[in-house]
Each structure stands twice: as structure tokens, then as C-alpha cells.
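Here chain A shows up in two complexes: once beside chain B, once beside chain C.
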Partner chain A sequence: MSVKEEAKNLLGKGMDGVLFYQMKDGSAIPHLFTSKDIDEMPDVREIPDSERYPLSDILSKLLMRFSSAKFGIVARGCDERAIIELEKHQQIDTSRVSLIGFACSPELAKICSCSKPYTESLADEMNEAQEISRGIESVERMSTPARLGFWLSNFSVCVKCMGCRNICPLCFCKECSLQDEDLVESGVLPPSIPTFHLLRAIDMAGRCVMCGLCEEACPAGIPLRTLYGKVSEIVREELGYVPGTRGVKSPLEELGSSVGSDDDLKS
Partner chain B sequence: MIDEEMVDYRTVPTVCPYCGAGCGMLLEVCSGEVIGVLPMKGHPSSKGSLCAKGWSSPEFLKSSNRLAKAILREEGEEKEVSLESALGLVVENLNRVLEKYGPEAVGFISSARCTNEENYLLEKFARTFAKTNNIDHCARL
Partner chain C sequence: MTNSIGEISRASLLLVVGSNTTENHTVISGKIIEAVRNGAELIIIDPRKIQLSQISSMHLRNKPGTDVALLCAMMKLIIDEKLHDENFIGERTEGFEELKASLGNCTSAWASEVSGIPVSEIEKAARLFAGAENASIIYCLGATEHVSGTDIVRTLANLSMLTGNVGKPSSGVNPLRGQNNVQGACDMGALPNSLPGYVNVSDDEGRKEFEDLWGIKIPESPGLTVPEMIEQALAGRMHFMFIMGENTVLSEPNSQKVIEALKNIEFLVVEDIMKTDTTDLADIAIPAACWAEKEGTFTSTERRVQHVGKAVEPPGDAKSDLEILVRLAGIAGAEGFDFKNSREVFSEITKVVPAYAGINYERIGTKGIQWPCSSPEHEGTVFLHEKKFTRGKGRFQPVKYRPPAEVPDNEFPYVLMTGRNAFQYHTGTMTRNSPSLEREAMYPYVEINPSDAQKESVKGGDMVTISTRRGQIRLRARVTDAVCEGQIFIPFHYREAPANILTSEELDPEVKIPELKVCAAKIKRGQSRGVRSCNNTFLNSF
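Let's turn to the complex of A and B:
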């Protein structure tokens, strides 16, 4: 069954809209399909590999704005992982979401260094994906001074567009540490080295679902997949946590939530 | 299912209004209201990136500080006037200054967001009508 037929079924079952891409002048752009325009929903193969957007973040915004509506979403593996992780952070109410999954092309999976370029519903049909390099090994092979130089030179070209944060499906905080004057001085380029990038890297630990949208959005070409891939590797090896998997919350979140209640803080 | 008319989300391809680079962006529109912006992935020049200004452009979209009408300041007081009378005043004062102080006393500022042809016209206007080389544009930050 095509995703369009699956989406039609969802609308028939009372969903208010299905989030996916619309084709416009040869480009795929995010769009919420309703019963009025569902016939225009393209097939997954029509979506160019280079045109991915943070659909999970859009879904989160829609759920908050339309507080009683139900939505379907045609999702890639990374969209699904972000939805799972966002639910753990109370940003998505999955009881109001139905997911139609699809697999990325092998070419895109390679570009993304993605080890799971498909949704859980398709896991049985897929070949076991290879763990692909995120550039971590080549950076770790460098001598310590060379590695430091590699990162400092990459951080020095940052134009502080905030694109990495803005496009990140897991960046939902209302107050952002990157805009804290005590941590990152405002009005200075490049932004505080290495504080700015390490702050974001620490926030990505236990959260990053490796969608790679940050690296794609970076006008300075900073290897953010490698940076966040490394912090994710540390969290996986030290704490056994992989963001975007069902079940337990990130141990980093548990640490925060068990320290006292709001009342304790006030007194 | 809630009222169908209410649930609406679409993205509208447009061009960043800030500078002459003209990066591709998508406005996120929810029931007629702009709620955010995304870099346009398929854009031939900006290729899915935006700068700090482009990313923050929705912030000024609804700013109450935006001038939506011509405002005339007279003796410290600001009042709304029609565009015709505002332009009439510009013509009147431009002629007056040119006659009294000459071409070096006037200048023209164009915009990086105008078309090439519009910028050419203002340049021609400055050099042939006002006979001045005082012409610049907003991208000289």
C-alpha cells in the first residue's frame, strides 16, 4: 500500500491531517495534508534525498497549537527516533499521533552515516544496517595537538547563525544556554570558543538522534555529526543509552528529575 | 476530529528579505499565521542554509515597530500622511536643497533587496538628474 493510501486511511479514521512533503516546483516542502488535498501527496520516492526537514519538530508544534487534533506523519527512521525521544521529554503526545514509516534510499543512508535509515515497523524487512563511520575514527587518529587544532579551526568559522539549534528536532527549550550572556558573550564572532560548541554538544548528549540536519544546515561546514556522534558514543559506552529507542529515559534526564521538588527549591 | 477549517499547516517558499544574496526560505504558515521559518533545502544558491538574520526574520514580521504607512515628523510631532503627499514633500525638498546648495548636498541610498534594474534606475536618477555621485546601498554595513 502506498503512503498516500495509508494516509487516506488515517484521515478516514478521524485523523485531522497527515504531515509529509508536498512537491512544489521540483522541491519537497513540509505540508500538512487534509482530506481536501490528500490526492496531491507524493510518493516517498519522489522526495529528493537532499530535502529533509525536521518533521518531528513541526509535529510537536502542531500538537501544541491544535490541542485536541490528531495527526498522522509519514516518517523516516530519524523522524521516528526524534518523536520517541521528544515523547520522553513531554514534547509530543504520541496518543494523538499515527506514524506511517518509510525507509531512506541506500544512498541517503550512506550520506547520513545512518545505522537505522528506516522506521521500527519496517525493521523486519530491512537488512541489518552497517555501522557507518561518522568521521570519529579519523579525528581520533590525530595527535592531541592536531585534534585540538582541528576542532578549534572548525569552531573559528562559526557565524553563529543558530541554524544547528533552530533546525534540531530535539532543541525545544524556551530558554537556551547558547543565549546566556554569562556563558556566551553576545555580539561577538566567532562565538566563544570552545564554549559555544561544547555547550551544544553537552546538550546533545543523551538526546541526539543522529538525523544530521544540523550539519546540513551549517553554512560554515562544521562537522557537527562527528562532534555529536562522539558525545553520543560516550553516552552509549558509559551509560548504555541510545537516544530514540523505546523504553527508558536518558540517565542524564533521570539525574535532573530526582533532585528535590519545585517546593524544595522555593523554600 | 476537530473543525477541519482550523487545522492548517503549510510552508511557503520565498526569498529572504534581508540582503542581496537572496537565500531561499520557507515560511511556516499555520492557519494564516507565520509561526516560523526554515531554510529552503532545494534552493540552488543557499542550499539549505540561512544566516542569523534569515533565521530570525519572523521576529520582525509582526513587530509593532515596523513602518506600515508614511509618517511625517513636523516640529517633533509624528503624523500619518498619504504616500502621495509624502513623496510630494520629498520632491519639493530635494529640488529646494539642489537649488540652494548644489548636487554635493544630496545623496541617495538604494537597497540590496531591490532588483538590478531598480538599482540601475536610482543610480541613473542620482547621476543624471541630481548630478551627484552620492549613491550607496544598505548592504554597506
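Let's turn to the complex of A and C:
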């Protein structure tokens, strides 16, 4: 069954809209299809690999704006992982969401260094997930001064466009530490080295679902997949947590929610 | 650009002159960074330290306005050491002997004296440039906003031809345009001396073709440049002016004079997407649609004709530029303006501008197409001048170094340079309405070298008064080694401290570009405000 037919089924079952892309002037643009225009929904193969958006973030905003509506979403593996992770952060109410999954093209999966370029619903049909390097090994093979130089030279070309944060499906904070004057001085380029990038890396630990949108958005070509891949590796190895998987919250989030409560402080 | 943006990353050497690329052309800066990562040499000629300086092979921080001297000395050395490309010069160019003769006195020692760059550095840069497989020059307003602006462009073209670095991939002369559609506007003849497709108005044959097409008589002498219009307005000879999308009050040199001139115009109409200091002076201000609210094409700095679609309706009474022009023309009784949409305009463009002849909306698609594109079969042009130059052979044009018009003296001991920062754009009419950009660079500031700051008893964050022969402004000091001793830098985005109150209106005699990058200024300390200075100290510790 095509995604369009699946989407029609969802609309028939009372969903208010299905989020996917529409093709306009040859470009893919996120679009909420309703019963009025569902026939125009393109096939997944029509969406160019290079044109991705954080659909999960758009879904989250739609759910907040229309507080009783239910939406479907045609999702890639990374969209699904982001939705799962966002739910753990109370940003998405998945009881109001139905997911139609699809698999990315092998070419895109390779570009993204993605070990799971499909949704869970398709996991049985897919080959065993492969371990992907994301360039971590080659950086780790460098001597410590060379590695420091590698990151400093990468950070020194940052133009503070905020593209990495703005495109990130997991960056939903109202107040952003990157805009805290005491941490990152405003109006200065490159933004405070290494604070700016390490702040973001720390925020990504236990959150990053490896969609790679940040690296694609970066005009300075900073290898953000490698950086966030490394912090994710540490969280996985030390704390056993993989963002975007169903079940428990990230141990880093647990720290914040229970230990930091007022009751604990009083006692 | 004679090359394309995509070619930059494959160059083996990039010479960046007067361009703070990272802050002003960020995407192109990304390509330069990519080139350096691919092993390219990067030579920067710029008085100010820029972000690219951190990854450059050489940064020649010459005295402002001395680029021509530096480049002439580089050319002389290249010829003296026989590093020039004899084959290319022989087959593709003329006037080499005149160029060679003109460089007779341009020794490295002389250029070193003029520019403040050591002889060894000048010679090293010359040898690196001449030895590169694919050398590309990138320049911007830091090179051209001088009384010798035209000469510097000629010099860069001379250097490129001398070393055979033009007409092949990743080798050429590449001016970076300051707005998304400057290239397109120039292509369409939005210049005082040109008709669409760069047909000079004084070219009888070319002019006649347009007269026949449009059924009107076209004046055979060029119109006025902006600085000339200001002069005419001041003299009371300008009765009507229509300004489209320019905040002239803040963007032209010597603002006080500009305001006086605009007030002296009988009937001033200003069209803009925002309320500005210039719309405030207008008898009638017309609200315009922004890029996302209209449909048409933009031609980018790499000659790429791109389609822009209408994403949202314009707010309130705002109208697209096309609709405004068509309706104004109708009221004025002009014929030939009955275009229903941009597509119809584009269709006329393809008829009158040969470089656009083979382009249509379908071919533009989502990727655009680069002119020249002469027929529907032509694929567009990635880089110019492959087999021959537009005029046939490339002519070397000897240039003689001329110093800036207003140099420092005892009363005004500092060289003032103006420019932009990454977070604001031009006179801030758009960016200053963006809270996230505004929070990055909210206050006007002047960059002062630490040793000058000490001399003037100024600390970072102090309020200072900067004055020149034309006026004065008060703003905060930012103490930084981004500027050399004896030089100060002020971004011109801020209406509360407009840099152009200070700037000189000395013009390049040929194209009338004002010398916004050099004038003489002095610093006077005001009361302290205790705001900390801006230095990226962590980076300096490595």
C-alpha cells in the first residue's frame, strides 16, 4: 500500500491531517495534507534525498497549537526516533499521533551514516542494522594535540548562524543556553571557543537521534555528526542509553526531574 | 564572478582582497574553508583581521587604500622572475609591453614603503600566486570603495591575465555582490550609462535597437550616479526623485549633506518594505512587498538566474515592485509597461539581453541557470572567457598607484574604515527588526587597537566620540587587535550613530564610487560605561 493510501485510511479513521512533504516548483516543502488535498500527496520516492526538514518538530508545534486535533505523519527512521524522544520530554503527545513509516534510499542512508534508516514498523523487512563510524575513529586516531587542533580549527570557522540549533528536532527549549550572555558572549565571531560547541554537544548527549540535519545545515562544514556521535557513544557506553528508543528516559533527564525537585532540597 | 561559487572549493590558491567573506558572504566563505581543507593556499589582503585569517597561509595587513601598490609590486616580481604565463599572454592578451613598462618603478621596496608590508612577504605572495595551478581572486567593497576603486579592479584583472588565471575552472576574477540581485539589476541596465545587456547609451547602433523596440527616443548621454544626484539636489536642480528600496540617508557618505539634499527635492517618493530614515523624508512613501511576497527572478553573484516564488501575500497595502512600477508608468502615461506578471517581463528580457536569450522559466527550474545562455540548447556558462574575452583579446590596462584622498594628519590622526558585521545588514532596516540578530549586535561600536586605546585612555566599553571633518558620532569602544594601530573601524548599520556622518564623499573619478574605506578621524573619550570588551580570549591562548 502506498503512503497516500495509508494516509487516506488515517483521514478516514478521524485523523485531522497527515504531515508529509508536498512538491512545489520542484522542491519538497513540509505540508499538512487534509481530506481536501490528500490526492496530491507525493510518493516517498518523489522527495529528493537532499530536501529534509525536522517534521517531528513541526508535528510538535501542530499538536500544541491544535490541542484536541489528531495527526498522522509520514516518517523516516530519524523522524520516528525524534518523536519518541520528544515524547519523553513532554513535547509530543503520541496518543494523538499515527505514524506511517518508510525507509530512506540506500544512498541517503550512506550520506547520513545512518544505522537505522527506517521506522520500527519496517524493522523486520530490513537487513541487520550496521555499525556506522561517523568519522569518530579517524578523529580518535589523532594525537591529542592534533585532535585539539582539529576541533579548534573546526570551531574557529563557525559563523553563529544558529542553523544547527534551529534545524534540530530536539532543540525545543524556550530559553537557550547558547544565548546566555555569561556563557557565550553575543556579537562575537567565531562564537566563544570551545564553549559554544561544547554546550550544544552536552545538550545533545542523551537526546541526539542522529538525523544529521545539523551537519547538512552548517554553512561552515563543521563535522557535527562526529561531535554528537561521540557524546552519544559515551552516553551509550557509560549509561546504556540510546536516544529515540522506546522505554526509559535518558538517565541525564532523570537526574533533573527527581533529584532537583523542591521536596528533595527541603529534606 | 567570472567563475562559479562551486568552483571555489577546487582552487589551488585563493587571493581574497577587501572582503570579510565570513561575515558578509557566509556561504562563499564556506567554500573558501573547503578549499583550504582541500589543500589550497589562502592569501588575504586586508587591513583588518578577519575570521579567514585564522586559516590563511598569508595575511597581508596593508595600510588602507594601498592595494594597487602591493599588487603592482607582485606583478613586477612575477615578470622579473619570469613567472608569468607567456603562452596565455601571447595568445589571449594584448598590451603586455605597456604593462611591463608601467611597472618599472614598482619595486617591492617601494610597495613595502607604501603599504607597510615587508618586502619578503610581498615577494612570497607573488611567487605563491604565480606558482598556483588554479588561482582565483575574490574581492569585495574593501577593494573597490576607494578613489582608486576602478584601478584596483584593473590591477586584479591584470594579475589574473599575467599568470593565465582566467578562462579556466577555479581561476578568475570574482567580485562578491552585496545584494541578492545587484547582478540582475546591472544586467538589466539599472546603471546611469547602460541599457539592458550592458549596451552603452552612447552606442548609437545599440541605442537605436532599443528605440525601435520601445518606440521612444533614448538620451544619448549617461544619467547621473547617486553622488551626482545628491549634488544636483543640493543645487536645487532635482525636482523629483523616486528611491526604490534604498535607505539613502544612512548608506551614502556624508549623511548630513544627503539629508539636506533630499529635503531640497520638490517631490520625493520612497518605496521600501520598512519605515526608514529615508521614507521619513519622503512626500509619499510606498509600501513594497519583500522577496517572499512576490514572484520573479534574481540573478546571483555567480550569474545564476534563479526563480523566486511567492510564499505569502504582502501585508496591508504593500505591492510588488513590478505592480508599483507598472501602475506608476500608467499614471505617468508611459507606454509599453502593460505587463501582467513577471513572466511577461522575463520574456522581454530574453529578447533584448543576449546573455539571457536561451533562458525561460521552465529551464530555470529549482537550480537556476547561469548566463551567458544564448539559445534554448545552450546549457549556461559555469565560467567566463574560456576561449576568448568579450572584446576578443584581453587588454592589460596599466595603472598608476594613487594614495587615498584623505590621509591622517595631526588633527585627525586615525584612518577610519567602515563596513558591516555578521549580524546586521546594511542600514539595518531589516535586521534591526529581528530580535535574535539585534541581541547579537545591538549597539553601535568602534573597533580600536589596544595600543591606540591605551594612548587615548580608552577602555573597552567606554563611550567615545569619533569625529572627522564632516561630523561626529558617539558610540562604544571595542578594544581589539582586529584593527591595526592607527586604524579604527565602524559598522554603518546604526541610525543612532551613523558612520556615514563621518565618511568622505571623495569619489573614484571614473565610476563615482565614494571612498567609504578611508578617511581621517580622531577619538575623544566620553564617560565610562563599564561594559566589558569583546575578545575571544580562549582562542588567543592556543
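The rule we apply is simple: the second predicted complex is superposed on the first by the 260 of 267 C-alpha atoms of A that agree within 3 Å, B and C clash if a C-alpha of one lies under 4 Å from a C-alpha of the other, contacts with A are read in each partner's own complex, and residues count from 1 in each chain.
In this section, a contact is a pair of C-beta atoms (placed from the backbone, for glycine too) under 8 Å apart; a residue touches a chain by one contact, two chains touch by 3 or more.
Note that this is a predicted model, so its numbers are computed, not measured.
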Report task. Return fit or clash for chain B versus chain C, each positioned on chain A through the superposition. Result -> clash
**Report entry** First, second, both or neither for A:Arg52, with chain B first and chain C second
**Finding:** first
Query raised in the report: Given the touch rule stated above, what does A:Leu62 touch, chain B (first), chain C (second), both, or neither?
Result: first
Report task. Check the residue A:Ser177 against both partner chains and state whether it touches chain B (first), chain C (second), both, or neither. Result -> neither
Query raised in the report: Touching A:Ser35 in the superposition: chain B (first), chain C (second), both, neither?
Result: first
Query raised in the report: Can A:Ser115 be said to touch chain B (first), chain C (second), both, or neither?
Result: neither
Query raised in the report: Which partner does A:Lys70 contact after superposing on A: first (chain B), second (chain C), both, neither?
Result: first
Query raised in the report: Of the partners chain B and chain C, which touch A:Asp16 in the superposed model: first, second, both, neither?
Result: first
Query raised in the report: Which partner, chain B or chain C, touches the larger number of chain A residues?
Result: B
**Report entry** chain B versus chain C as contact partner of A:Glu216, first or second or both or neither
**Finding:** first
Query raised in the report: For A:Ser27, is the partner it touches chain B (first), chain C (second), both, or none of the two (neither)?
Result: both
Report summary line: Overlap of the chain B and chain C interfaces on chain A comprises residues 24-27, 159-162, 219
Query - Parts of chain B lying in touch with chain A, wherever the complex brings them together - result: 1-2, 4, 6-11, 13, 26, 28, 30, 35-36, 38-43, 48-52, 54-56
Report summary line: The residues of chain A that touch chain B in their complex are 14-17, 19, 22, 24-32, 34-36, 48, 50-54, 58, 61-62, 65-66, 68-70, 159-163, 166-167, 216-219
**Report entry** Residue ranges of chain C touching chain A (in the complex, touch as defined)
**Finding:** 22-23, 26-27, 29-30, 33-34, 37, 51, 54-55, 307, 309, 365-366, 421-423, 436, 439-442, 534, 536, 538-539, 542
Requested in this report: Spell out the residues on chain A that touch chain C in their complex, using ranges where they run on.
Outcome: 24-27, 148, 152-153, 156-157, 159-162, 179, 185-190, 192-195, 219-221
